[in-house]
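Right after this note come the structures.
Presented sequentially are two complexes of subunit A, the first with subunit B as partner and the second with subunit C.
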Partner chain A sequence: MLKTSLILLTIALFALLAADIEVLTLDPWRELGRLTLGFFTPDFLAVWNFKEALLNTIVFAFCGTSLGILLGTILAFKFELTAVRLFAAFVRSIHEIFWVLLFLPVFGLNAFCGVLAIAVPYAGIFAKVYAEIIQESEARPRDLVPVGTSGVSLFFYAVLPVVWNDLKQYTAYRFECALRSSTVLGFIGLPTLGFHLETAFSEGLYSQAGALLLLFYLLVSSLRWWLKPKFVVLFSILSWSVLPLTTQFSWENMIRFFSWEIVPWPLRRDGFFAGTGEVSWNLNAVSEWFVKLLNEEIFWGVINTLILTQIALVGSAVIALVLFPTVSQHFSTKLLRQVSHLQLIVLRSTPEYLLAYIFILLWGPSMLPAIIAISLHNGAILAFLIGRHSNLINLCHGFPKRRLDRYFFEILPRIYGSFLAFLFYRWEVILRESAILGILGVATLGFYIDSGFAEEKLDVAFVLLLVTALLNLTVDHISQRTRKHLHLSNETSSI
Partner chain B sequence: MIHYLFGQIFGVVFYGILFLLGQTLVTNTALAQPLVFTAIPDQDTERLQERFNKVAVYLQEKLAIEVIYIPVKTYSASIAAFKNNAVQLAWFGGLSGVQARLAVPGSQAIALGEEDLNFVSYFIAHTSTGITEAATLPDNLAGRTFTFGSKGSTSGRLMPEYFLRQHFEKTPSQIFRRVGFSGNHSKSLQLVQSGSYELGVLNYKVWEAELAAGKINLKKVRIIWKSPSYPDYNWSIRGDVDKIWGIGFLEKVKSVLLAITDKEILQAFPRKKFVAADNKLFIPILKTAQNIGIIRK
Partner chain C sequence: MLIEFKNETIAYKNKVVFRDFSLEINEKERVALIGPSGAGKSTLLRAIYNKIAEQASYVPQDYGLVPQISVLHNVYMGRLDQHSSWQNLRTLIRPATEIKTDITDLLAELGISNMLKKRAGELSGGEQQRVAVGRAIYRNSPVMIADEPVSAVDPHQAHSLLETLSSHSPSLILSLHSVELALSHATRVIGLRDGNIYFDAVPDKISSRKINKLFSKNSQVNTSSKFNIK
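On to the complex of A and B.
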């Protein structure tokens, strides 16, 4: 484990040498003053103007999650099929924001686009986690049912009751994620809270931004009071009924997208200018087109994404190791723990996209703001998890009295395995976030994908999306192999 | 117990509010198909709704059908909306108009601002660079940081990039140490004024409007070059609108736009008046976009 940690650290240090971490603004702290002032003087009068955005944020989250649960459950039943596993892994390897960019040309910018962008990756996630929960659950009730029992009865009487609590907990957690996703989708143009957050931040209306953020925190932190399992079905039905589905679904757009717009340009060039829309087979031209794309965009996008990922991975680890004692009973008083806990919740529930957006505002679009945003967000999550984990430890007799000794010689060695396991789980998430932050101007894959969509080169954007997904699957695979190799605990991936 | 009751009450109240809000949304959707239009989010994105709602009210009155403006966040979203028939009319930039009309056969540019016939970009610099205004692009721009507006902007990206390539015979990323895309014209101005970027470029109309509004500190940012002129912003409409609202609808929209004399509406753009346009007018924009590879040839 020490060796693995040192390898990760070395890679990150080399990546740091190659990374672009310049502070670009002449006076990096000037905006920070105004921003802080804005947060302490939130403009709650403006909030009333955002009531529809607030409603949309909730409605998109609930429609997206409920559709995700439905599709994910269906996939979970067939999860032993390789094709299903690959499909689920593929759809969840693409970030919600990328899904919006992809659905936008097909469905237009409307509610349907937003709901699908949440539902599709969530279906992949639900499929995997539900299947894992069922697989790891107590098998004895299943073995005890009489031979000849139908699959349906078996499921409802011997499987579901056993796993119900785990499913419920994980699903509730996903609702919280969906609220975050739904908010962030506004940055791309969907009518959720993020739409107004983006405007407020970019126009420097920080009091408005402050009010919107407080509204968002209120929404997320009040979840446990109003998100009751018995209400969820009613709630989802209500959400679907108010979903503003004003634009009709158009097969024409769908067909045009798949049979024309994502076809490599050299194949449709002649048909485009002749106005016939015919595809001409010229494979040489396609390979030339691809090689050019590889040299000019894919290569640099992948390199920069990996550089950012590896630095942010170690960054998250460092922040987690520094912060977790503040929520651990072995190091902190109850009061300090409660304050720190709140701090971690704020960091955890602030979407990393939003954090990066704010830091880029302060320091300009280099890799530095992206590194800090991803590290803070993921570091807070890890700190929370290992802090909680450390509270389960009973100190042995004669434990070190000095806190520093206790940290290094008692607690850290005992939690390090789970810490690494958690960290490796986050690896793939961090990669997804690194890619997406390209949209904000950092030169990762997202930058090139965004350019492809902005310049109406959907074929290019599509190839880049596939590359992003592939990269994600590769890292996920390496992470699994490493965890197995190190015999790290295989707790649920529901983090 | 109290906790449980509190949860129940909270839940019921919450769902009640949601239901009422939902009702208002549902009743807002009218029966006859409304004309929906959008505009590229080229500046001061907070005021978009305010600017274009005036236009919507005017069009609704003159066309005698419901007219709705929907705001978008990006240039490409406005093109996608036009392509998918989510909007039938749009206020595009030169480039976004060309891209949208290429994607929707039969669509037409019907009007443009008088000023759009001869539109200009201003290259600007933070005063700490010491660069002053010149008749040609100054050579000492090389090696500095530079920001365009949106990736899909005509006056904030396409034409400036074309002039830069012509002068330096290099791509922007070869000329400058760092190239950014601010997203819109006001943002580019703000970034150069604050020193986040040393250089930038924006649409001259936005510069003039922000100057008049007192938002520009000439001690911090100055114009260093004014570009030659080119055609820019335009109203474009889908060719199939006559099928929905009857023959002659397209011409009617055109004449209604050309007839705008209300200062307050024109100020929203800001333009002196609208004049007739056609697709041919924008061939130079298409050629330039193909020349630098934004539209492929």
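On to the complex of A and C.
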């Protein structure tokens, strides 16, 4: 485990040498001052104007998650099929924002596009986690059911009651994630809280931004009081009934998207100029086009994404290892723990995208803001998890009195295994985030994808999206192999 | 004949427990397996159940109840194969009066009459064991296979629970911790040790010397029995 950690650290240090980390703005401190002032003087009067955005944020999250649960459940039943597993892995490897960009040409920028962008990747996540929960659940009742019992009866008597609690908890956690996703989708134009956050930040209305953020925290932290299982179905039906379903969907758009818009340009060129709209099979031109794309965009996009990922991975680890003692009973008083807990919850609830957006506003679009945003968010999640884990440890009498000794000799060795397991689970998530932050101007894959969509080069964007998904699947695979190799526990999958 | 093993190998979790194993059990027999822990009683019972799963009920040592659903539903699970999926779903939501009466009567017989609507997970170990026995009886099959079905109830109750169990099934195959219970309830007692049949006889023919030897810690018995395969 030490070896693995050192390898990760070395890679991150080399990546740091290659990374573009600089402050590009002239006076970052003044802006930070204004921002802080804004947050402490939130403009609650403005909040009333955002009631519709607040409602949309919730409605999108509910519709997206409920559709995701439905599709994910169907997939979970067939999860033993390799095709289903690959499909689920593929759809969840693409970030919600990318899905919006992808659905945009087919459905238009509207509510349905937003809901689908949440539902599709969530279906992949639900399929995987639900299947894992069922697989790891108590199997004895299943074995005992009389021979000849139908699959339906078996499921409702001997499987569902056993896994119900785990499914419920994980699904509730996903609702929280969906509220974040839904908020972030506003940054690219959907009418959720993110839309107004973007406006407020870009126009320097920091008091308004502060009020919006507080509103968001209130929404996320109040979930546990109003998101009861018995209401979920009701809320979902209500959400679907108020969702403005005015899509511009047409089969022609769909067919055009697949048979024309994402076809590599060299194949379309002749038909385009001749006005016939026909595809001509010029394979030489396509390979030239692809090599050029590879050299100019894919290569740099992948390199930068990996650089950011590896630095942020170690960054998250460092932040987690530094912060977790503040929520651990072995190091901190109750008061400090409560304060730190709140701080971690705020960091955890703030979407990385939003954090990165704020830091880029302060320091300009280098890798620095992206690294700090991802590390803070994921570090907070990890700190919370291992802090909780460390509280389960009972130290015997005669443990070291000095905290530093206690940290290095008693606690760290005991939690390091699960810490690494959690960290490796976040790897894939961090990669997804690294790619998406390109949209904000950091030169990762998202940057090139976003430019592709902006310049209406859907063919380029499509290839880059596939590359992103492939990179994600690779990292997921390496992470799984490493966990297996290090014999790290499998119980941490549902985070 | 009900069950026949002929020079078979029986394994548990990829480890061979019985090698070159032969055994015959006829209908209407009441067979009790006894022997020290690790002798292979559970493995053998499981193997017997796998052979005749269609016509047998099974009470595993760890009950295998679904803790999250009611006692009524756990007992009803014994007959899941005898109703359509639709009826089963209906029962899960709202059991028919007939089913309720049947199961209530059965629970009364088992001495847990007021537990119908309690969740299985809320019950004590002894009560859970009765529910597992109830589920097997409710299945209403010709053969009852039970792995230490009275281990969690007190000696007096054990007798009556075994009575109930026998009264519902013509053929009975069970493992028992208590030799006394085995001798008084079975028509045939099989002594198992280290994957071998140490004796197999009617209760009257089993001397206390044989039983002491079966349970003795002396490793000599162990080896001699290994080489004395009939």
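Note that in this section the second predicted complex is superposed on the first by the 493 of 495 C-alpha atoms of A that agree within 3 Å, B and C clash if a C-alpha of one lies under 4 Å from a C-alpha of the other, contacts with A are read in each partner's own complex, and residues count from 1 in each chain.
Basically, a contact is a pair of C-beta atoms (placed from the backbone, for glycine too) under 8 Å apart; a residue touches a chain by one contact, two chains touch by 3 or more.
Being a predicted model, the structure only gives us computed values, none of them experimental.
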In the superposed arrangement, which partner chain does A:P141 touch: subunit B (first), subunit C (second), both, or neither? second
Which touches a greater number of subunit A residues, subunit B or subunit C? B
Using the touch definition from the top, say if A:L24 reaches subunit B (first), subunit C (second), both or neither. first
Have a look at where A:G441 lands relative to subunit B and subunit C in the superposition and call it first, second, both or neither. first
State whether A:N284 touches subunit B only (first), subunit C only (second), both chains, or neither. neither
Shared contact residues on subunit A for subunit B and subunit C? none
Write out the stretch or stretches of subunit A touching subunit B in their complex. 24-27, 30-31, 51-52, 55, 58, 104-105, 107-110, 187-189, 195, 198-200, 202-205, 222, 225-226, 228, 231, 234-235, 238, 241-242, 244, 246-247, 250, 253, 265, 269, 275, 364-365, 441, 450-451, 453-457
Spell out the part of subunit C that touches subunit A in their complex, as residue ranges. 53-54, 58, 60, 62, 64-69, 73, 77-85, 88-89, 92, 139
For the complex, give me every residue of subunit B touching subunit A. 6-7, 10-11, 14-15, 18-19, 21-22, 25-26, 29, 44-46, 72-77, 79-81, 83-86, 99, 103, 105, 126, 128, 145, 150-152, 178, 180-181, 183, 186-187, 190, 194-197, 294-296
Which bits of subunit A are touching subunit C when the two form their complex? 140-141, 143-150, 152-154, 156-158, 161-162, 164-165
